[in-house]
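Chain IDs A, B, C, D and E follow the sequence of writing; residue 1 opens each chain.
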Amino acid sequence: MMDSNFYLVLSGLIFTIGAFGVLVRRNALIIFMCVEMMLNSVNLSLVAFSYLWGNVDGQIFVFIIMAVAAAEVAIGLAILIANTRHNQSVNVDEINLLRW
Amino acid sequence: MNSLFFIVVGAVALAAALGVLLSRQPVHSALFLMANFGSLAILYVTLDAQFLAAAQVIIYAGGIVILILFVIMLIGHEAGDTPDSRRGWIKIVSALLALLLLAGLSSQLMSSQMTGPADRGLPSGGTPTQIGEALFTRFLLPFEFVAILLLVALIGALIMGRKLVTVEADQED
Amino acid sequence: MIGYSAAWLLLALPLAGLLLNTFAGRLYSNSFAGAVASAAVGASFLVAAFMAPSVYGHLDHNNGSVLHLWDWINIGELQVPLSLLIDPLSLTMVLVVTGVGFLIHIYAMGYMAEDSRFTRFFIYLNFFILAMLLLVLGDSFVTLFIGWEGVGLASFLLIGFWFDREDELYGSYADCGKKAFVVNRIGDVGLILAMGLIWTTVGTLSFEGAFQALETTAGAPVVLICLLLLLAVAGKSAQFPLYVWLPDAMAGPTPVSALIHAATMVTAGIYLMARTNVLWEMAPAAGTIAAWVGVGTAFVAATMAMVQTDLKKVLAYSTISQLGYMVLGAGVGAFALAIFHLVTHAFFKALLFLSAGSVQHATHELDMRKLGGLRLKMPHTSRSFLIGSLALAGVPPLAGFFSKDSILLYAFQHNILLYALGLITALTTAIYIFRAYYLTFMGRPRDPEVDAHVHESGSLILWPLWILSALTILGGVLNLPFVLTLEHALAPVVGELHPPGVQQEILLMVVSAVIAIGGARLAWSAYQRRTAWVDTIRATFKPLGKLAQQRWYVDELYDRQVLRGTHWLSHWLAFAIDQQVIDRIVNWSAETAMAWSRSLRRLNDGLVPTYAFSVFIGATVLMAYFWLAT
Amino acid sequence: MFDLLTIITFLPLLGAIVLFVVRSEMFRKVGALVVSLVAFVVSLFLLVDWHPAVPGGFAHEVQFNWFPEIGLSFHLGVDGISLWLVLLTTFIMPVAVAFSNHYVTDRIGQHLILLLLMETALIGVFLALDLLLFFIFFEFTLIPMYFLIGQWGSENREYAALKFVMYTLLGSALMLVAVVSVYAQVGTFNIVEIVQVLPATAGKGFQTLGFLAFVLAFAVKIPLFPFHTWLPDAHVQAPTAGSIVLASLLLKMGTYGIFRLAIPFFPLAAAELLVYVILLALAGIIYGGLVALKQEDVKSLVAYSSVAHMGFIVLGLFVFNTQAVSGAILQMVNHGLSTGALFLMVGFLYERRHTRNFADFGGLWKSIPIYCAFFLIIAMSSAGLPGLNGFIGEFSILIGTYAFNPWYALVASIGVVLAGWYLLTAFRKLAQGEIVHQENQAGVLPDLGSQDLVMLVPLVAMCFLIGLFPNLLLDKIVPAVEMWLPLS
Amino acid sequence: MNLTYSAVLPEIAVFGGAVLVLLVDLFRRATTVSEARNSTVLSYLSLAVVAVAAILTFSSREEGQQVLFQTSAIADNLTFAIRLVVLVTTALVLLIGSRYVPSFTPQTGEYYTLLLICAGGMMAMAMAADLMMLFLALETFSLSLILLAGMFRENPHSTEASMKYFLLSAFASAFFVYGGALVYGATGTINFTEMASLLTGPDKFQNLELLYIGVPLLLVGFGFKLSVVPFHMWTPDVYQGAPTTVTAFMSVGTKTAVFGALIRLFILAIPETWNESASFLMMLAVLTMTVGNLTALSQTSLKRMLGYSSIAHAGYLLAGLMPGTAEAVNAALFYLFAYAFMNVGAFIIIIAIEQAAETDIERSQLRGAGKKIPLLAGFMTLFLFSLSGIPPLAGFFGKFLLFRSIIEGGFVWLAVAMVLNSAISAYYYVRVIVTMYFRSDATPLPAAQGTRGLYLGMTAAGLMVLAIGVFPSFWLQLLAI
């Protein structure tokens, strides 16, 4: 059996990649995907922890997170669509009516 | 064999993640994302989380990504990002910071020696039964709460999605 | 025979007159107002006169009688009652003040008759008398100080009485008043500090208490006290270097010049010295300094009087110089004689001023270059002026002779140089006053249209002149040599004097008599006959004359250095420092905050990546902190 | 609850509320005047039954909890020092109200309400025996004054009002830290207890910092050189009533605070640092005098004269002997009267001519003699002419200072000369000289009317009264001072 | 198994009420009624719901502390306090909205439903006893807020605000949940009480490394919601873009809820970590208040200014919590309570003046308010003075309490930073008053569109601001944990 620390590191890697993606990408959808990816990496560590500790709490947490993620997707995408009504692009660099 | 398996799948997951990050077309990112989710689902199985693996495939790969794809088709289909010179430095800085974060995380993670009941894993695994039981007894309240959350999602989608009717603000109180 | 307990009347009467005229003044005619004021002063003169016997009577019980009015300031050890001290010295002063004051009130009723602010003038005069009496009656430095400042205010008001007038001789009259007040205040600083020093040393400020305590306490800083007092004296009695205000003070109406700036107020300094004689005797060094200041002032002022063209200015400088004599007298310890000279001077200088006033009243002109030959049209005036001049010059047997001479006598004892300088001054005095007399009254009119409407003044003006003339002539009686009435009277307060040998005294008398007459003679040939040989003398004294013309550059020094310096400084502070530096700093700090604000808000550029970036930075830093901290 | 002190404090507030409710202009005018007068009368009762337990102790005291969790209690007390400041407040206020009644037309109601609020706050400050309560009142005074300046001020009022508020707030900010630190140290806000406990317990460093914090706050309020620049702006812009209240009452909070709090709380630090404070005070005396000489605006001249006079008071407070301190306390009252009266005079002039520049005046003594006579008297009282109130304070301060250090006295007495100088300069420019402007001609320019005199005469009368019978005040002040002085 | 409902009844009531409102709205829609009327009715209905919830809240307080639902919820005085503040805020926002809401959205029913759900989520923040519940509550109210912020769909500002808020909060909650995961990994439990026992109990465990990467990540989540610098940048934009009622609601509600959770987790459950991080959070606190205040100085838009000011206030609160003592917590709760009234109050005036089809007003629009709308201006003045902490108003005592806990905690320089900041902050508050009273010129002021509800809410808030100042003791005791 693999040393479970590597699961954690892997999730850490994915998490970081996701975060980096949020910072560097300009397409709102891709940013959003990166966020989802971050959440997933969290799920991975949770599952690993729950495996380590031998209790099911972590897995329940993951389940909850999935639900939340689903809700987020629904709302988020809706908002993105609603926003395109005002400016056609999903490029976050072009969305700054509110500033300073 | 286990570790080899882990390495392979993990590598796929990483690659997919990088794919999401790097691919110019949103559609490609979405597909990579799906791959990433899938590979994670496989890893869940190796961690006695069978139910979650299934859920992962259904909810994420099956639901979320598809939804995202639809939306991409709807709005986000123009190719990737306009290359942005203004905040070029931000890319570099964030890369460095990301590396720092990673270093911090992994160093801590590696150095932490786990003192749970040792790497036993779950005695009876994360089977639907197990999860279900936990959900409906110890975690009843969160479970109920999820319902509210989903209601919000529902309403939200409704508000934001629906066509606009012009407001008639009549003055009676 | 009234006991000292009636002394409060002395103050109450002028006060009553003052209040009555202030509040009811517009109800009755000017002349009545004048009458009220004069009556008030006259009444208090009578009171004083009635008190005289009892006060001068029993001279053995020396430290007068104190009339306690009420507790004034009580702060811990600082106990200042408001009470009056009645003793020969103060009473003498009171008599002079009220007596001469009364005469001048009468005179003023005639002199100011046409003035629009007639009543106000008499209100001021009463106020002055009140303050002056408080000054001389006060039994503590603080009480004295009330009067001291009060007369200052009075002189400010009276000098600037014609506050709307302005001419090339005085500039704006109001400014002259201001100048007088401010310069006096500089002197007052000395008095205040002296009080501080006295109180700190002995913890009391009443004269008696302070003197006794100071005599007993070893190593008391008496010299310093005396020097501080000398500053006050210099301010009030127009001594070098603070005399500059007095010539300008002539801007006031002539009765004012006579009363305040010749007879009474300016002599307050002399009174102060006499009052504090105990201290001066303890500090001979300070006395010497005072003496030198006095004689120096006397000489310098005399030379300046020499070159004045305005009659009143001549008298002003002569007043300064006479005050110098008194200070000299007090400095050398002849306090009684200083007071004696004070009294006589009050007589003849008032006389001179009033005569000058009478001239001005008649001619509206005091420039001697335009006057002349008034003798014919104003016989009384010219006669009284002549009497005054003789007295001032020190021609026996007029009052001035005895008083001045005796001062010189003691100066001689003290230091021959003082005496010499005094003598020269005496000579100068004789010359300048007769110069003035000749130019004004003798010769023939220089300016026809002035001469046109010259006429002798009315009785209200003349009566005081006659009375004063009488006093001037007879004043010497007060303290005839070897009789020494006044000296004995004042002895309990200012101490006995030790007269020198008789023959010496005789000798000096003769000398000064000769000097006086010689001076007069010189003036006669200089300004009346205009004989040639005088010009050679003129030539020899040309540099001195020039110096005197320039007023010894003292005023200039003040104007250029002190005054302009202060104005420049205050201007610099007000506009450069206050607005450009201090306030600028204040506003600058506000502006900096704003600048920060503007640059900070630029960070919120409204772009999601930026915001996410800052969140990410935060996360990383937090992580890093914990990573390193633990 | 219905203690004399509470009534005096809250009567004006009550009045303000009533006035706020009732909208009638006339009612408000009369009401405000009545309220302020009643407050004055009531405060006179303090004099009537004056039986301090110990000489110099507190004659009246009232205390009940307000916010026990933080130790804040509503604790008022009056002794021989606060007594006169309270009386001064209740005495000046009717004058200010009367003036506004007579001359202010725009939103007079609000104006009066603000004045009454001000009165409550001021009385609270002078009576508070609870440190935090003091601070609360102290800060609250900002609001009414801010509106008075900002709403009824002259052209540049906005700037002046903001400057005033910000300056004072920043000044008192650190004081709040000190206040709470003191509480942390002693565990009570009761000023008397603090005074007994703190000096003994607090260390040197604590005392120094605390002292600086307090003094900074008060120095801004006083204002002590070089924290004074808000004052001329505030005065010049403020409406007359505002100026009167500001000059004669508001500034006193600073000196009162120094005497009541800063010095007794931190005697060590005070002894340590008094030299610097005194130097600032002396600098203020000279500086204020010199700068006043050059002002073209009557109000700013008076403002700078305030800087100089307050410098005198601070000097007196930091010369720790009975004479100087009592003198300083008395001088607070004197300055309140004289400067208040001066601003009143300026107000009369401004309301008649709508200008405050010396250049627009001159020769007024011909056209409005009564006015000028009063002006002269008040100027003299402010210049410290013996027989008037100003002298008593100045004199005892100077005497005390001399005992402490002759050189300080010397510098200070130069200030006396300057005072005479700039005040007479003002008088010279206003009243003397020829009349140059037609508007100033007799007949054109009305002299003081009876209703003006009604406001003015009491002030002047008080000037004479104090000048001739200072013991009326001193015999209450001195014991109190002797009570508090040993603490410092 | 233990299923005591009583302690979660308030939440249940609110959520139930939300559903009820939704249904009522549905049926009313069937018969077409005017939006305004509909909105009024629904707002009163929701008010009723809030009232019921409030009653339940008080009654649950009687029963004292209890842990239920298998330890996933906890009800104690903290819970009570947070619930109270949230409910009060909700009530105010409901009162003032009845006329305003239909002016920006046709979907009034959804608005009120979401508002109630949001309130429920906020209340649940303080009730949550484990990470899972915490996360759920957090997401519930954030998502509803995001939606509410975007409900003015004609207005690009609104949708933009909503989108920004969404992306960033998703980003932040990823960090948050990751932190949660790591804490779980460190302790093996998601339950606060168990964590506490593990950290302090006899068998102390060793995985501090994991804990100390988990905690900072959790703090990122909290920090974002509290808009602590540098997680604050979204705040002004969202405040400005969102409909003003929503801004008012979120400015107070979010702070209250998240601070409640913060206190629950870091101060009550695992104080060790709090003390560990204090020295760093202190810097953040100072940074937060300074940046907030300084930036607010140069704002011209009122809502934006209030946004920055709310950042500053978050800074004060954070600073006040530094000592981690019970006094500190009480102080924070008192402050939040006071803040609810003064801040919402300030927004009420904006609502009254704001015109249809705009989500913001400039300061200059208030010119001459003192003359034209004296009542509104007067109340605005009151609220602003309270915000800037002028005694004896609510804000002063709030600040003072925080302040005292700071100093007694020994962080004097922190206190200094705080007072200086609040002095600076006075400038921009006071400047609004300057505009209202001292500037009569320029643009005519739009007629204030006040409703009965609005004036009622405003008066209530104003009176409370005074009442808290006059009887602070009572309220402190009411809220104390």
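As a working rule, a contact is a pair of C-beta atoms (placed from the backbone, for glycine too) under 8 Å apart; a residue touches a chain by one contact, two chains touch by 3 or more.
What you are looking at is a predicted structure, and each value in this text was computed from that prediction instead of being measured.
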Count of steps on the shortest touching-chain route from subunit A to subunit D?
-> 2
Could you tell me between which two chains the number of C-beta pairs in contact is largest?
-> A-B
Taking each chain's centre as the mean of its CA atoms, which one is farthest from the centre of subunit A?
-> C
Taking each chain's centre as the mean of its CA atoms, how far is subunit B from subunit D in angstrom?
-> 69
Which integer distance in Å separates the CA centroid of subunit B from that of subunit E?
-> 29
Centre to centre, by mean C-alpha position, how many angstrom separate subunit A and subunit B?
-> 5
Take the average of all CA coordinates in subunit C, do the same for subunit E, and state the distance between these two points in whole angstrom.
-> 79
Indicate the residues of subunit E shared as contacts by at least two other chains.
-> 132, 136, 139, 143, 146-147, 150, 153, 164, 167, 171, 185, 188, 209, 212-213, 236-237, 424, 427
Multi-chain contact residues (two or more partners), subunit D | 166
Could you tell me which residues belong to subunit C and also touch two or more other chains?
-> 601, 604, 606, 608-610, 612-613, 616-617, 619, 623, 627
Contacting chain pairs, sorted by label, are A-B, A-C, A-E, B-C, B-E, C-D, C-E, D-E
Provide the residue numbers of subunit C that touch subunit A in the complex, in ascending order.
-> 601-602, 604-609, 612-613, 616
Partner subunit C, residues of subunit B touching it in the complex = 87, 90, 93-94, 97-98, 100-101, 104-105, 107-108
Within their complex, subunit E touches subunit C through residues 164, 167-168, 171-172, 175, 208-209, 212-213, 215-217, 219-220, 223-224, 229-231, 233-234, 236-237, 276-277, 280, 291, 294-299, 424, 427
Sort out for me which residues of subunit A touch subunit C in the complex.
-> 19, 22-24, 26, 28, 31, 92-93, 95-100
Spell out the part of subunit A that touches subunit E in their complex, as residue ranges.
-> 8, 15, 18-19, 22, 28, 31-32, 35, 38-39, 41-42, 45-46, 48-50, 52-53, 55, 57-58, 60-61, 64-65, 68, 71-72, 75-76, 79-80, 82-83, 85-87, 92, 95, 97-99
